[in-house]
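Naming follows writing order (A, B, C and D), and every chain is counted from residue 1.
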Amino acid sequence: MINKVVASADEAIQDIQDNAVLMLGGFGLSGIPENGIQALLRKGVKGLTCISNNAGVDNFGIGLMLKTRQVKKMISSYVGENAEFERQLLSGELEVELIPQGTLAERIRAGGAGIPAFFTPAGYGTEVAEGKEVREFNGKMYLMEHWLKADFALVKAWKGDTAGNLIFKGTARNFSPMMAAAGKITIAEVEELVPAGELDPNAIHTPGIYVQRIFQGKDYEKRIEQRTVRQK
Amino acid sequence: MINKVVASADEAIQDIQDNAVLMLGGFGLSGIPENGIQALLRKGVKGLTCISNNAGVDNFGIGLMLKTRQVKKMISSYVGENAEFERQLLSGELEVELIPQGTLAERIRAGGAGIPAFFTPAGYGTEVAEGKEVREFNGKMYLMEHWLKADFALVKAWKGDTAGNLIFKGTARNFSPMMAAAGKITIAEVEELVPAGELDPNAIHTPGIYVQRIFQGKDYEKRIEQRTVRQK
Amino acid sequence: MALDKNQIAQRIAKEVQNGQYINLGIGIPTLVANYIPDELEVVLQSENGLLGIGPFPTEDQIDADLINAGKQTVTMVKGSALFSSAESFAMIRGEHVHLTILGAMEVSENGDIANWKIPGKMVKGMGGAMDLVASAENIIVAMQHCSKDGASKLLPQCELPITGIRCVKKIVTDLAVLEIDPNGGFRLLERAPGVSVEEIKAATAGKLIIEGEVPEMTF
Amino acid sequence: MALDKNQIAQRIAKEVQNGQYINLGIGIPTLVANYIPDELEVVLQSENGLLGIGPFPTEDQIDADLINAGKQTVTMVKGSALFSSAESFAMIRGEHVHLTILGAMEVSENGDIANWKIPGKMVKGMGGAMDLVASAENIIVAMQHCSKDGASKLLPQCELPITGIRCVKKIVTDLAVLEIDPNGGFRLLERAPGVSVEEIKAATAGKLIIEGEVPEMTF
């Protein structure tokens, strides 16, 4: 088996240059590559295009990279938890492309799966359709949407092995499996890194072929956005 | 949770009528719905269109339904293990549509995922491309391919629960997860049927939403086509 | 008297049918789950990758890796399944989810819905709403009949950027239950208890269709 | 002397590079696995849903639910992963598989390949071959230089229905190693031990490019 292990987040991201296109896994703050984001902050790389469903919150996740002005453009579906984001957007400092969430997920899947374009009904008749090819199939209208790829994909998994196989946990899986496949270089950080052979081959969410580098993450904060509880 | 359990294969397939379009899971004889096929033989339903990667062998799997002339048309990628098949094909008794295996898998996935068409490079420049829309993306040529759906999908899983969640085993998974999603009515037979809550939600291959009926299968033969062994 | 949020949710819960897979949007729609009768077997889908949403967790059950689409901590029920966002929207786009309940800023009399953007003021993004409204076979909107400044949200046509066209089937507001007529118009089905047809007329800018006696809601 | 099947496989194994993900077709390509040096870290992909094909099983390891694309019983290695056919061809179509080795009935001098159909005689289907040749960055063909009746299988253009166009990079036959020249033609790289350039010329119907001394193969 091919060994994909690198020593640290800093080593994993060392060749990410200014103006790179990145994908970052996560839905809200759940499943974001915390270690990778910290390393990007340390490296100070700028002009990034970040493809991520959300943009973090003011002081966590991608929100930290917005504060340091490292992000030139966000490609997301929902960014409504972030005042700094809204400020940069309204002032024109930040480019933003908003994409329906299912279209975003499928465009990323298409990027990994070698499908340059596909048709979806989402957004037909709305401003999302502007400039896009429209076509009718079986009496329903659809938009043609193109694949999304990235120079680097940063994903965070629950468990991973030295061959790059990944298992996610709960709803922290979200966009990460598709992003892992759509990144030219995919960097996986994991809560628990094990030798190849220790994960059940039948339970793997992301096969190692999609992962170029993997490292043992540390100090996960796993911040919760909406802490909703009930009494026992 | 919605309970999807039916008592038997015969009950599960009772409303499959002549001329129905069926999808049947399996690669070669691995993972085929043995109980469902036996029930179709008993019911004697005719004029079927069968979408399945292979057509079984002479005396097992879909091959049995070819012998009884229940199949009007096969949509497959590889059918080279079946003399009766070849005879019916050359005599014109059987219609056959051959599709590249990856295109077949993706067309079925598209059917389940609400994507009416997509582009793939497979088959460009070959007779598979005849009559199809061709388009260039980033300097490479692609064919437009359409979704495939079925009136009924018959799949066989290793474990399933009463809510219709499925886990497959080994390479017996193959086409079944996509077919489960692409069937209007999906019938799952399982080696082991357990109450909802006993399967790990994180290890499920086919979420129960795609399965309308599930039953405990029996008497699995699991015939092996190429028994290759090495000495200890 | 106009309904409160919980009463709107309670009235919508009556629309739920046995055996349905349901996606509940953020806000009032999330509250619907509290009113679905126990005898109905239904499954709640969360578009971030969960079928079978359970109640909020107790303190000791909280798991940062298990949230709903509103980023709230949740639990799973027996028979839940977890999956990726691509699989989740395959379910939605492929019309496997039977019922979508979501909020709106505006609904037009032909069933258009606007709920994602106020130009120059608010840019949160559409999230999964555009996918949901483009594909669900039944879409019910939960909202206030009028905005805070008293302007009707049931319009001849939407003024805000729309989320989807000709997709809304039914609307439950604090004042009324209405359905979109296939030929255009809000057909008034039920009044909130104590709310008159005249009050609803006054609060509806789009074409209101009234036929015969309009009964009061029951819960 | 012309190579036997195992020698063809052995020579192809020299093309394998460290770190590659490789898809091996049915027949001679399957034999290549036996000759990949142990010191290379490579992973074999089977398009029916397995990364990390191991050796054939011993009698007591046989599992009907674990086969390769040739329907042969196989085992897994440490670090294997299982997946669906859609995921498998996502890997292939998405160019994550670096090297595809497959058999052919005919190869043309511009790199077209035919290997799935003989009109009126044989209809087995293309299986995954059309997907593989449309997407792999490196495609090596393993085949006999001539058919059983002595006709060359290296042609100016394919006569049988083709599987893919301009895709083959290299060909290893019982007589020679050749690569497809970007401008068309079979560039002769190596001769089988004891086989002369003249013999290869005589067995090649398409344009053969010979430059300087052509060395004998080493294994």
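As a working rule, a contact is a pair of C-beta atoms (placed from the backbone, for glycine too) under 8 Å apart; a residue touches a chain by one contact, two chains touch by 3 or more.
Bear in mind that the values here come from a model prediction, so they are computed numbers and not experimental data.
Enquirer: Could you give the fewest steps needed to travel from chain C to chain D through chains in contact?
Expert: The fewest steps needed to get from chain C to chain D is 2.
Enquirer: Looking only at C-beta pairs in contact, point me to the busier pair out of A-D and A-C.
Expert: A-C
Enquirer: Calculate how many whole Å lie between the centre of chain A and the centre of chain D, each centre taken as the average of the chain's C-alpha atoms.
Expert: 36
Enquirer: Centroid from C-alpha atoms only, then distance chain A to chain B, rounded to Å. What do you get?
Expert: Centre separation, chain A to chain B: 33 Å.
Enquirer: Please work out the Cα centroid separation of chain B and chain D, and write it as a whole number of Å.
Expert: 28
Enquirer: Two or more other chains touching the same residue: where does that happen in chain C?
Expert: In chain C, residues 82-83, 89-90, 92-93, 135 touch at least two other chains, as defined above.
Enquirer: Can you tell me which residues of chain A touch two or more of the remaining chains?
Expert: Residues 106, 109, 113-115, 120-121, 169-170, 202 of chain A each touch two or more of the other chains.
Enquirer: Going by the touch rule stated at the top, which chains touch which?
Expert: A-B, A-C, A-D, B-C, B-D
Enquirer: In the complex, go through chain C and note every residue touching chain B.
Expert: 19, 21, 41-43, 45, 51-52, 76-83, 87, 89-97, 135
Enquirer: Of all residues in chain A, which touch chain C in the complex?
Expert: 27-31, 53, 76-81, 86, 89-90, 96, 98, 100-106, 108-109, 120-128, 158, 169-178, 205, 222-232
Enquirer: With touch defined as at the start, can you tell me which chain D residues reach chain B in the complex?
Expert: 46-50, 55-59, 62-68, 70-74, 82-86, 88-90, 92-93, 112, 123-131, 134-135, 161-165
Enquirer: Using the touch definition up top, name the residues of chain A that touch chain B in the complex.
Expert: Those residues of chain A that touch chain B are 106, 110, 113-121, 135, 137-138, 140, 142, 146, 167-170, 200, 202-203.
Enquirer: Can you list the chain B residues touching chain C in their complex?
Expert: 1-3, 109, 111-115, 161-163, 165, 181, 195-197, 201-202, 204, 207-210
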